[in-house]
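Here's the structure, in structure tokens; my notes come after.
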Amino acid sequence: MMIIMKSNATPKQIDHVIERIKALGLNVHLSQGVEATIIGAIGETHNINIDQFEVLDGVDFVKRITQPFKLASRQFYPEDSKYALDGFTVGGKDLLIIAGPCSVESRSQIIETAIAVKKAGANALRGGVFKPRTSPYAFQGIGEEGMEYLAEAREITGLPVVAEIMSQIQIEEMVKFVDVLQVGARSMQNFNLLRALGEIKKPILLKRGLSATIEELLMSAEYILAGGNNQVILCERGIRTFETSTRNTTDINAIPVLKNLTHLPVILDPSHSTGYSEYVGPVARAAIAAGADGLMVEVHLHPESALSDGKQSLKPEKFSEIIQQVGQIAKIIGRQIPCVQ
Amino acid sequence: MMIIMKSNATPKQIDHVIERIKALGLNVHLSQGVEATIIGAIGETHNINIDQFEVLDGVDFVKRITQPFKLASRQFYPEDSKYALDGFTVGGKDLLIIAGPCSVESRSQIIETAIAVKKAGANALRGGVFKPRTSPYAFQGIGEEGMEYLAEAREITGLPVVAEIMSQIQIEEMVKFVDVLQVGARSMQNFNLLRALGEIKKPILLKRGLSATIEELLMSAEYILAGGNNQVILCERGIRTFETSTRNTTDINAIPVLKNLTHLPVILDPSHSTGYSEYVGPVARAAIAAGADGLMVEVHLHPESALSDGKQSLKPEKFSEIIQQVGQIAKIIGRQIPCVQ
Amino acid sequence: MMIIMKSNATPKQIDHVIERIKALGLNVHLSQGVEATIIGAIGETHNINIDQFEVLDGVDFVKRITQPFKLASRQFYPEDSKYALDGFTVGGKDLLIIAGPCSVESRSQIIETAIAVKKAGANALRGGVFKPRTSPYAFQGIGEEGMEYLAEAREITGLPVVAEIMSQIQIEEMVKFVDVLQVGARSMQNFNLLRALGEIKKPILLKRGLSATIEELLMSAEYILAGGNNQVILCERGIRTFETSTRNTTDINAIPVLKNLTHLPVILDPSHSTGYSEYVGPVARAAIAAGADGLMVEVHLHPESALSDGKQSLKPEKFSEIIQQVGQIAKIIGRQIPCVQ
Amino acid sequence: MMIIMKSNATPKQIDHVIERIKALGLNVHLSQGVEATIIGAIGETHNINIDQFEVLDGVDFVKRITQPFKLASRQFYPEDSKYALDGFTVGGKDLLIIAGPCSVESRSQIIETAIAVKKAGANALRGGVFKPRTSPYAFQGIGEEGMEYLAEAREITGLPVVAEIMSQIQIEEMVKFVDVLQVGARSMQNFNLLRALGEIKKPILLKRGLSATIEELLMSAEYILAGGNNQVILCERGIRTFETSTRNTTDINAIPVLKNLTHLPVILDPSHSTGYSEYVGPVARAAIAAGADGLMVEVHLHPESALSDGKQSLKPEKFSEIIQQVGQIAKIIGRQIPCVQ
């Protein structure tokens, strides 16, 4: 960390900054230039809040040299993270393809969908049981009942299941039924939830918030990692911009940027990032071409009667076609979807 | 709600839409034009999810006539909401001036600050005890201990106290000590928390999310109102844009827009919406000039040693000066701060 | 166009709207519902400014049924536009690969680069001679001299050349030397320039503005098309958002959205849309996977001594590698780069 | 300017950076710390393009100490800029109130409006004659004829007139008729136009681009100042964000930020920054409360039949009311509108 003093900073102000650095157990390196005095703080600085230096008298600005996250950082852990999920290796050569309906609506719906997406090439099943909805009057998910159906679909197909958690109160029950706990975009900075998820032993699928920077996404991952759970999967799902022709703007840049900054696996959700089923295929192909470790796709047997997100859901046949193309693109960059020859 | 069919929609598709509307207990008004057929759905439509119509075959788009929120709407409740807060009337002629430190740091700090801000014209005290921080390594608040100090500061000054709640688990304890529960920007769409706050009897200060639209803010208020708690105060605190010279962008338009759409009181937090103490004064004046019902301002005895947000905190003397000017502006538009002559 | 009247609109207000529609030579279709009266305006409405109806008393809102652009629309012209560019067919099966330096710096630089990018698979050469720069003190391009070098590079390699035009004053001279005139992001709404370019007979490469919506991009294309020049190539080059880890945010959604809305060819510029050479490859692959008709890539022999945009420029060898991968992805979706086997 | 080298930078890389700095005529100050080597470049650095250092091998990042603009900077010129405009002093104690229609539509319209706005307190008249319109089919202004009407309105009322210029080709004619040349938001980075305006002797009203940062606005002002014309007025007119309930988002923070960074006068256009006439009053009051040096407001005798921007135009009576309130607020912060007692 470097603290750049204003050109008119007084010796007393400089001394005060130095004291503060030392009080944090850091070493000081002082450099007095013509235009500015620069004070370097050396040691473990990723957990220092730079604000506390920015407010000191005489300080112009403060610049980190090291990143504010550590456990999530590729500087700290250069190899790609890999871990087993029901026999499948997340973060390895095989792409993680999570598919299923926005919401679990009934027993037969989720079981039939699970069979269909597995056949099409998915290696995990998604299905929401607690739904975060903008309106209090909208369908809020079928709750616990849905978890039992998910567990049954898993029994039948062998697919691990992914479902969204909205509150730490739900952890105890959800871990009984669900293989991967998803933290939705609106919960990315629910820090109490993140801390609680740091203490469990299941993979966490962490979605980027609607207006979260890439650094903030990594800081939220750091909350989980710092708690001792190192099984975090990051998910780009579109950000909010001025453009209104799609539901969100897919930040495709985030894929190579994240792969550069972190060792954690990174997937993309083209259903939410576009909002329209006709754009899911092109953006799914783009994600894999850009280096993503997988996809999360909404698939519904009858999108026109879905209780939520029908507009962005694919029918199983269309999903199957897309996975075939995605699998071929994967091979060009050294990845694969096992079912695609 | 109007459903506009594509120009080539078939009679069968039109009939299907009509059936769906009737199934929701709504009446249908059909209008067959040359360019398009329009199907009106008449009745209680604010709680209808329009997505379920947008995915039907033959539908071009769906347009609400009435707003998606009801209890928060001025259409539904035309008069300004007013309610008592420790003798003070929120939403009335007097402006609500909430001031205090970002975080409660010690007993003496919060008591001294409470005395200082009261003297300067504040009629409520803020102080965070649970702090939502981007980094797991940053200061996270002093927790329950802080609530006792807040309660003591209240005892001494008579100021009602405002503190942020981060999880529904904290409700039981916080309601014992705190007068107004604040929902922070990052929790604006923590729907489990909102639902739980709908069941208590204390005012809720609901801050706008970093990338939340005005409509979404009102939908989150609707969650609380729908639960039976009608004491909601809305707070503009800056939105996230491309501009980097300030911490956030104050959406001053939100003040008149919200006053137009809702009967709920609307205040502005110029500390977070600018991020720099030198800009707090001008933006505080602007907020009141634009018609806000109050302000929430960070004040710290020693900003340079604050444990959080020092850069945007005012010293009490500066706060006092600003309140004097704000009070004079208030009078021009028919409002007042009692202490300002 | 549909004009939805407020529920309390008076018969006189309705009549006034009807008169206005008729005055524009349009037909009227009136539908009086229970919640709202809707007035349809039928005929050639793409050139009607809907604002003039929105301000009339009693009007709630106005909704277009047809798009505000016509000549650019796939509704109007369903087939993909194709046209010859020096033997190459833009918009056909072959991808358009434009490469070269940000700025023409010297005769030898542009000739050597042209030879290198051609060898690597490019089929057009880019090179700026007039440079739009944020700072008046930055390098502004070498001007006319550069055009002569571009022409010479073209002579030697056979590659058509692309250069940016900043003012209609430059047209007369530039058309002598340059094959494709590029309108930069900052000029996308320089309507005088667009109109002037509608009158020439050369292809126009129209880049999306930093905060332009997809619809606005198409409206700017419409200016050129309406003038009689139907050779327009659209270029996504990243939009401005809150994310700061890249120079811009690549809106990959724009590729399938544009291919859906318009018959015009659509390419992507991953150099500007990311701002860092290490991210150009992944995003170039993503663009083609998403269905783009080509790429525009900055290539410099010595990025570290480039007079502009060095940070986002590729060396020729790296560019060559990327084009190989891009060519393989192209084949999977039925496209090709001729040089890539 | 400071160049921070990567921790593993080699002596050769450091030497190369030093050479480059010296080649620009700057002095070097070298500081070798434990974590990083920092190279200071001392001298006239505002006109140095920092990119050229960022691409050098071994460089981590480059940080300016001084701002990239100089003539526009308050560091360079601490006093508020003031200059005469037809007897009125722009930038002084009196607020600049520019009012008039979006477009000049007829002789009688502009003359009547001029008389009305003068009576209400305006001290300058606006009226567009060349209109930048998103659609090629929309009304594009009445051109030269309009300038004659503006001149006549000026003759009658004594109000100086402001009109938008879209191309340097129009300068010669416009300077004959118009007192202040306005550069619209879409032209803020039309650098050829800015350079040409640097050579004339009339005030330039420079509006902020839809997605321009405050720094970019100042850099565009720098183009004009660097050409020798120091009569620049800056205008905040709303930026583009995700919020759709208003036409743009008024960045009220920009007022104190600009007043801090530059000596140039800063005004606000609440008509464009909100897009709705009912929000113009509150935001106009906010602008002056925040410290703006004036306003630019659209006023139309009959907004419902305006050829452009009717929705955001005020009737003269409403404008008059607003100016009364604005004038009272002005007094509280030491400013005034001469006609308001």
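The first chain written gets the first letter, and so on, giving A, B, C and D; residue counts start at 1 in each chain.
What we mean here is this: a residue touches a chain if its C-beta (ideal position, glycine included) is under 8 Å from a C-beta of that chain, and two chains touch if they have at least 3 such contacts.
As the structure is a prediction and not an experimental result, all values here were calculated from the model.
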Looking at C-alpha means, what's the farthest chain from chain C?
-> B
Comparing each of B-C, A-B or B-D with A-D, which pair has over half of its contact pairs in common by residue number?
-> B-C
Which of the two pairs, C-D or B-C, is linked by more C-beta contacts?
-> C-D
What whole-Å value do you get for the distance between chain A and chain C if each is reduced to the mean of its CA atoms?
-> 32
Chain C to chain D, mean C-alpha position gap in Å, rounds to 27
Taking each chain's mean CA coordinate, chain B and chain C are separated, in whole Å, by 40
For chain A, residue numbers touching 2 or more other chains are 211, 240-242, 244
Please name which positions on chain C make contact with chain A in the complex.
-> 211, 213-215, 239, 241-246, 249-257, 260, 273-274, 278-279, 282-283, 285-291, 325, 328-329, 332-333
Could you please specify the touching residues of chain B with respect to chain A in the complex?
-> 46-49, 51-52, 54-57, 68-69, 132-140, 166-169, 186-187, 189-195, 210-211, 216, 219, 222-223, 226, 240, 303-311
Parts of chain D lying in touch with chain A, wherever the complex brings them together = 2, 4, 7, 27, 29, 31, 33-36, 38, 40, 42, 60, 63, 65, 211, 240-242, 244
